[in-house]
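Note that chain A is present in both complexes that follow, paired respectively with chain B and with chain C.
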Partner chain A sequence: MLALKLAYRNLKGAGLRTWLNVAVLSLAYVLIIWHQGIFTGMLKHGSRAVIEDEIAGGQYWHKNYDPFDPLSYDESHGPIPAELSSLIEDKKATPILIRQAAIYPEGRVQTVLLKGIEPGQKILGIPSASLGKEEDALPVLIGRRMARSTSLDIGDYLTIRWRDVQGTFDAVEGKIVEIMNTEVVVIDKGQLWVPLAELQKMTGMKDEATIIVVSQNVQGQKDVSDWKFKDQKFLLTDINQMVRSKRISASILYVVLLFLAMLAIFDTQVLSIFKRRKEIGTLIALGMTRRQVISLFTLEGAMHGILAIGIGAIYGIPWITFYSKIGMKVPQATEEYGFALAERLFPSYSVALVLGTVLIVMATVTIVSYLPTRKISKMKPTEALKGKIS
Partner chain B sequence: MNLVEIENLVKRYPMGKSQFTALKNINLQFEKGEYSGIIGPSGSGKTTLLNIIGSLDIPSEGSATVLGKKIEKLSHREAARLRSRHMGFIFQTYNLLPVYTVFENVEFPLLIMKMPEKERKKKVMDALEWLGMTDKVDSRPAQLSGGESQRVAVARAIVKQPELVLADEPTANLDAENSYNILERMVKLNKELKTTFIFATHDEKVIRYLERKIYLVDGQVARDEIIH
Partner chain C sequence: MKKLILLILLISCAVVYGQEPSGRAILERVDENYTAENHRATSTMVIKGRRATRTLQAESWIQGVDKAFTEYLSPAREKGTKMLKLGDELWIYSPSTDRIIKIAGHMLKRSVMGSDLSYEDYMEDPVLSNIYNAQLTGDENIDGRDCYILELLAKKEGVAYYRRKMWVDMERYLPLKEELFAKGGKLLKRFVIKEVFKVGKRWYPKRMVFKDVLKSGEGTEFIIDSIEFDVEIPEYIFSKASLRK
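And now, the complex of A and B:
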């Protein structure tokens, strides 16, 4: 309590020097929290978009299906088992058949994934209802990225060529019926969505599927014969790892900010001990122990961190609240970032993030404040009283 | 019982590869209520002796017993406790804490003693009244004259009413009038509170007031005079 009172008096007395340090530290707090909030928001938004549009409550994969191995697609299909058919009938699951195909936009050939989905499904956020309309050609749904890369627009026709279950090539004319605006790249780029029944008929794979997406309301799914259940946690592993790796690279800014703040505190402490040698001697002469003097100086340094929390809160909370409400415009180049990103990114802040950052900065400030004070323990009070460092 | 007992005290300092002997075979006793001074030119060892009595330093040989405690055997914590409870220090350059007000400077020793706030305030105001500084309670040391600063330093030394006050050249930076004021007040304190004062000085103005004069030459007691 005594040290706290004295440290406060000393900080108040130090005037501008204190406030400059506090300003630098508070900036470190606010920028670190703001920056980390962006990544938390990115992860939250990315996960939500992927869950809504791609994975829902989890997926059953045919035993041969490997999304990272295109050569597996030919063999990764099978009849929907009875246990899962009942889920599908209850609208708690929706099957998707995945086949490789080729299209010929603007006279070029392009390999695509042909995905059959039930037009009436509500489990994924894909606007598949448009595939249920009567058309003069096979109705095709594509994403905006796919539309941009192939220069296709609603109402355009394209030739689709595929191989059926026997390996025989066949072709059909498709018509773009809708361009969906999804943030999930993996259901957009290089993909054509068509009615499931049509694709099953085209490929001779009646009542077959490659994956079966389960509703978010269905819990505790287990493997069913040739179908392996992949839960949300597994299906989100990639996005989590990607954000983690991006967070690590972004932590360079974290370290630089922290380093600058620490440098300010360390410099102040070293200067303070050098300038206040006589004061240190006086404090000891007046009856303070060396340990008390060290505590006092350490506390003075650490109190910069406490004051910085207050100052940071004054301008940081409105700033962070403002950005978390209006979001930040994301440059188009970030579409190549590797995962779902909205046009506006809304940072997300949690109590754990704020408390964690405050604790890390406070711990670092305290350690940095303490290090130079160790010199005090080696000072002879008689020398210190004369303003000398022994 | 003597307040301070010094026996065969020797103090050496390392000086390059050799050693410099600052105090040689000192034997002294100070009784309670003494108003005494260690007198000698610069480098005679008077500040070193005062520092040892004040438990800021330890003897190289011999012993110094202050208020029944052997200085050479005290830990840092015990020495700090002895200083905070029983001793007051007055320095040539006042050594006031620059960011504190006059009140806070005088209050400081009582804060270390963890004295309750109400009692603390009363003692601080009493001490400042003794020294005629009540109109400067909110001033900072930079706003005070030399004489005023030293009066605050004296108030800080006596505020806890210690048994022993050690004053190292207290008037060296003061003019005649301020020196007179300070010394008069210290004499009054000595008489009224029976506080023991030990000065280290070579200032004639101080020497005139002393009841006991211990002359130190080259680290040795050359003369010990008691004035009746």
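And now, the complex of A and C:
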């Protein structure tokens, strides 16, 4: 307790030097927590959006389907097996047929993915019901990014050209019936959603699908013949890895911030020991062991970290709370990252995040505070009393 | 009685002689004009886009219907780009990246060098009588030439264009105009021969225009600068190794 009081008094006595160190350190706390909160928010939101609009409780993939290999699309379709048909009938799964096609927006040819989905499905958050309306052309649903890149709007017509199952060209006029505002880029860019039955008829693939999405309420799915089950964990791997890599690249900023703060504390400790040689000698002469003196100085250094928590809390909590309530506007360019991002990003903070950050910073501060104090162990009290340092 | 039979036979012969050739026969004559055991050609492709016109020159070696090799000679940007077709496989070599890429799947839908032709068109069987049933539906005069009008319908599954309409020069057996349709009946591409020339005994297109009617722009003009039939082509030309040479 005495050491704590002494340490606090000495820190206060150091005046502006102490408060500068504390300010830099508090900035490190607040920035790390705020930044990590952004990534956690990104991951949480992205995962939720992907689950709602794209993967639900998991997906069955046709054995040839590989979303990263467009060459696989031609061969990745097959009849829906009976085991999965019963799930579809019970509204616990919905099939999607994926084919390649070409469209001609503004006279340019553009390769797209034609995705057939049941208009009545409720498993995914895609507004597929609009595909069930009677139209004078093939009803087409697109995302807002696709609409922007092709300058298409609701009510516009477009020519869609594709090859049927045998490889013969066919073409039809499509009509944009709705533009969905999804945050999931992979179900938006370069894609046209059409009624499943129509696509099956157009391509000659009756009762066939490429993937089958199962509801979130269905558990314990296993592979069924040519259909491989991919669970949520597998399907979210990309978004997890992307956020992890962003966290790692952001940690460079934390290292720089902490380095600046630690440099200041280290310098302060060295200067403090040099200036307070007589005090060290007196304390040892009065009966304190060298270890106790080292502890006192280390505590003083580490107290920067404790004070920084208080200062950081004063301006950091309102700042962080403000952003977690109103969110942050996401620049349009980040849509190109390839994962789900809302127009406003809401950072997410947890006790573990705050405690973890405090622990890391405090441990670093303590180590940096301790290092210069090792010199005290070599001091002779008589020389220290005279103001000399050996 | 004998005289009557002879008269009927004579009349029948006259009718048969005066009859127009069948659609199939016309199509086979067209194929004869186009196909050869092998040929080598230099050509110019003028791509008329919405904003600019590009001119490319190429040299091609073609063996039967399965093997084809094309090397682009100009402009400087495309010089050295090569394409190799072996059966139903197609590779392209780009000298700027020094890579050989197999063109397959969705890449086949892309246009060749920004033209109105896609790689898929390049992969088609050039012997039309192999894949289409032809029916003569009429005649029409195109640019002063009398033409048969042929309706071609795919005789098997998997043919890229299910239906074609062809205006074939009655004398030279060259399709002066051709329209390619989707299975649903939508017109996809139009092909017009603007100029022809005689190579040996056969008539061949000299200048033609391809137009993807769904795309904007004036289409792609294709000019045959020189062509030689039944020449000796070394076998190594049709190997992947020749792409990098």
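Heads up, the rule we're going with is that the second predicted complex is superposed on the first by the 388 of 390 C-alpha atoms of A that agree within 3 Å, B and C clash if a C-alpha of one lies under 4 Å from a C-alpha of the other, contacts with A are read in each partner's own complex, and residues count from 1 in each chain.
Basically, a contact is a pair of C-beta atoms (placed from the backbone, for glycine too) under 8 Å apart; a residue touches a chain by one contact, two chains touch by 3 or more.
This is a predicted model, so every value here is computed, not measured.
Visitor: Counting only touches as set out at the top, which of chain B and chain C does A:G13 meet: first, second, both, neither?
Guide: Only chain B is touched by A:G13; chain C is not.
Visitor: Looking at the overlay, does A:L385 come into contact with chain B only (first), chain C only (second), both, or neither?
Guide: It touches chain B, and chain C stays clear.
Visitor: When the two structures are overlaid on chain A, which partner does A:T289 contact: first (chain B), second (chain C), both, or neither?
Guide: Once the two structures are laid over each other on A, A:T289 reaches chain B alone.
Visitor: In the overlay, answer first, second, both or neither for which of chain B and chain C A:K5 touches.
Guide: In the superposed model, A:K5 contacts chain B only, not chain C.
Visitor: Given the touch rule stated above, what does A:T366 touch, chain B (first), chain C (second), both, or neither?
Guide: It touches nothing on chain B or chain C.
Visitor: Contact-wise, after the overlay, does A:A171 reach chain B, chain C, both or neither (first, second, both, neither)?
Guide: The second partner, chain C, only.
Visitor: Touching A:S85, do we find chain B (first), chain C (second), both, or neither?
Guide: Neither chain B nor chain C is touched by A:S85.
Visitor: Just checking: does A:S324 make contact with chain B only, chain C only, both, or neither of them? Give me first, second, both or neither.
Guide: neither
Visitor: Of all the chain A residues, which ones make contact with chain B and with chain C?
Guide: none
Visitor: Which stretch or stretches of chain A touch chain B in the complex?
Guide: 2, 5-6, 9-10, 12-14, 278-279, 281-292, 380-382, 385
Visitor: Residue numbers of chain B touching chain A in their complex, please.
Guide: 48, 51, 54, 56-57, 76-77, 80-81, 83-85, 87, 89, 91, 93, 95, 97-100, 104, 108-109, 111-114, 156
Visitor: In the complex, go through chain C and note every residue touching chain A.
Guide: Contact set of chain C toward chain A: 50, 104-107, 109-111, 154, 157-162, 182-184, 186, 188, 212, 214-217.
Visitor: For chain A, which residues are in contact with chain C within the complex?
Guide: 70-74, 100, 102, 104, 106-109, 111, 159, 161, 163-164, 166-172
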